[in-house]
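Pasting a structure here, questions to come.
Chain nomenclature is as follows: A, B and C, assigned in order of appearance, with residue numbering initiated at 1 for each chain independently.
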Amino acid sequence: MLTQLNSEIKTPEIKIPEIKIKGETLSELPHDLYIPPDALEVYLEAFEGPLDLLLYLIRKHNLDILDIPMAELTKQYMVYVEKMKVNKLELAADYLLMSAMLIEIKSRMLLPKPAEIAEEDDPRAELVRRLMEYEAIKLAAARLDAMPQVGVDISVAAAYYQHISEIKPPEVSLDELVEAWRNVLKRAKLNSHHKIGKQELSVREHMSQILRRLKTDGMVEFSQLFDMAHDGLAKLVVNFLAILELAKEGLIRMTQQQAFSPIYLQANLGESVSE
Amino acid sequence: MKEPDNISEMKQILEAALLTAGQPLSLDDMLKLFAGRMERTTLRMLLDELKIDWAEKTLELVQVATGYRFQAKPQFSEFIVRLSPERQPKYSRAVMETLAIIAYRQPVTRGDIEQIRGVAVNPNVMRQLQERDWIDVVGQREVPGRPSLYATTKHFLDDLNLRSISELPPFEDFAQAEIPLDS
Amino acid sequence: MKEPDNISEMKQILEAALLTAGQPLSLDDMLKLFAGRMERTTLRMLLDELKIDWAEKTLELVQVATGYRFQAKPQFSEFIVRLSPERQPKYSRAVMETLAIIAYRQPVTRGDIEQIRGVAVNPNVMRQLQERDWIDVVGQREVPGRPSLYATTKHFLDDLNLRSISELPPFEDFAQAEIPLDS
């Protein structure tokens, strides 16, 4: 199991993009570190930064990451940086910063060491820590990249179903209706001019009902609009007030042939308004 | 990559592809699965077999305009839609205020509504309320143009759980409610 | 609508819903199918049964971070990808390294990422991961400038077929000093 794991995580290598110079394809970096000028930029793009370049150099030259020969590594690194300068490439600040750090570590190592030097005091310790951490992240990234992904190599069941489109109309609560009415009144500043009481509301509802009845039945005899047997006195009065209001607003026409004969109501039709 | 070497493996590939495609697959699409090593007649035969395999199951393989797809049998749709309930839209402020005016001031004309709201009534607003069967025309006012008079319907009362318009909170009640109760 | 009155009908509804979902369904989602007439324990039992029912079939029922989903068994994916060669593109090394740092070191700031990679973070890299809904901002570190803290999302786990971040390959596997440098 462990060996299998190791062989899996060994895999990521620095992938150098295919480089063509004067029609010839270079498949790997030249061993002598001679970089054809045209290709330098492409090489550098293959590295994700100075740490990546350093790791590459360490691997390439079989250096021990736990005991890095600073002089050697710095020399190799500076070759690249110098090439960049010569070719007037826009040098990423990160690469320059790293050269400064390498040179500093190198010079600190040249200083005479105290006898009992603790391992953490090794000037290389921080660099080694960063290199190892970055290498681990590179391996982790390669592993993540190799994992099956939805949209790449995992296909999720997505059969069709009939989206029954029962488009429900909006719900309206009494509160919302009242709120709307309140807003209307507020805006229209009707508050002080109109009082719409319970009674009046009933009258207006009866007006609607009578109009509706006249619309379907045409002419209706006055007494037919009253259900003496079932309606209470209050309702009969409201009904009567509604008829009076309808007449006042000119919405109905009342006719009576002679005194005490039946009174007929009908919706006021345009043609007969002239009287 | 090892190409499938028997027909039952091919049928499995076909089934897995159709179940995960998310859209109908045409015959040409499905032929791509087998990198050109499948005859159209064989493909049709496999599709027929899949149709039969699934006949008693939860999905069915159907042919639509752009190809074949698996779909849930109709009796399951009503349950599946519960996973993504369609949001009930809200009525616009214009609709609600128009409805309130008709409810409280009925019968009213569009002109009345416009006067109270101070803006023109969008015909669409009236249509929404009429299609809902919450308002209807109960007559005409005898003025030039004979505008329609609108009133609320029985259906509106039912939907708002009211027996009569007089059960609407009277204006005085909520005029007082505007005064903070704890003052 | 008639609610299902036996367990086998419920299992069918569940299966149809999972086969049509196109994404993982949480237990809460699935309970909605039955309008509250299903116990969680019954639901888990039905899911176990479905897993077994499908064991020999073309799809498998798997549990990921946000719920359960049917997906094609791995051996079919190489054929299914032929249907849409322009599927999700692979990300650049910069993107994958940034993702790995966020996944293993979360929550982290852009500064942390830059420190580990030794280069400035291209804003485009973060945007790609955010647009994919693989990472998001989970807070700010309480230092001057209050930089955003990034973490991976549940959607990232879903997409990688994981239930939790602890199912990622352990970081120790990558951090061993014994890794041969000369590969």
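By our rule, contacts are C-beta pairs under 8 Å (C-beta built on N, C-alpha and C of every residue); 3 or more make two chains touch, one makes a residue touch a chain.
Everything numeric here is computed off the predicted structure, so don't read it as measured data.
K.L.:
Where the centre means the average of the CA atoms, what chain is farthest from subunit A?
P.N.:
Here the answer is chain B, farthest from subunit A.
K.L.:
Which chain has the mean of its C-alpha atoms lying nearest to the mean of all protein C-alpha atoms shown?
P.N.:
Central by C-alpha mean position: chain A.
K.L.:
Taking each chain's centre as the mean of its CA atoms, how far is subunit B from subunit C in angstrom?
P.N.:
Whole-Å distance between the two chain centres: 32.
K.L.:
Taking the mean of the CA coordinates per chain, how far is subunit A from subunit C in Å?
P.N.:
The separation of the two C-alpha centroids amounts to 18 Å.
K.L.:
If you average the CA atoms of subunit A and of subunit B, how far apart do the two points sit, in angstrom?
P.N.:
Each chain reduced to its C-alpha mean, subunit A and subunit B end up 24 Å apart.
K.L.:
Would you pick out the residues of subunit B that each touch at least 2 other chains?
P.N.:
If we look for residues of subunit B contacting two or more partner chains, we find 16-17, 19-22, 59, 70-72, 76, 78, 80.
K.L.:
Touching two or more other chains, which residues of subunit A qualify?
P.N.:
In subunit A, residues 155-161 touch at least two other chains, as defined above.
K.L.:
Which of the residues in subunit C end up touching subunit B in this complex?
P.N.:
Interface residues on the subunit C side: 1, 4, 12-13, 15-17, 19-22, 25, 29, 32-35, 58-59, 70-73, 76, 78-80, 82-83.
K.L.:
Which bits of subunit B are touching subunit A when the two form their complex?
P.N.:
Per the stated touch rule, the residues are 16-17, 19-22, 59, 69-72, 74, 76-78, 80-81, 86, 88-91, 93, 96-97, 99-101, 103-107, 116-118, 132, 136-143, 146, 149, 151-152, 159-162, 164-166, 168-172, 174-175, 178.
K.L.:
Using the touch definition up top, name the residues of subunit A that touch subunit B in the complex.
P.N.:
Per the stated touch rule, the residues are 155-174, 176-185, 187-188, 190-191, 194-198, 201-202, 204-205, 207-208, 211-212, 214-215, 249-251, 267-268, 270, 273.
K.L.:
Spell out the part of subunit A that touches subunit C in their complex, as residue ranges.
P.N.:
So the residues of subunit A touching subunit C come out as 5-6, 9-11, 13, 48-52, 58-59, 62-66, 92, 94, 98, 130, 132-145, 147-161.
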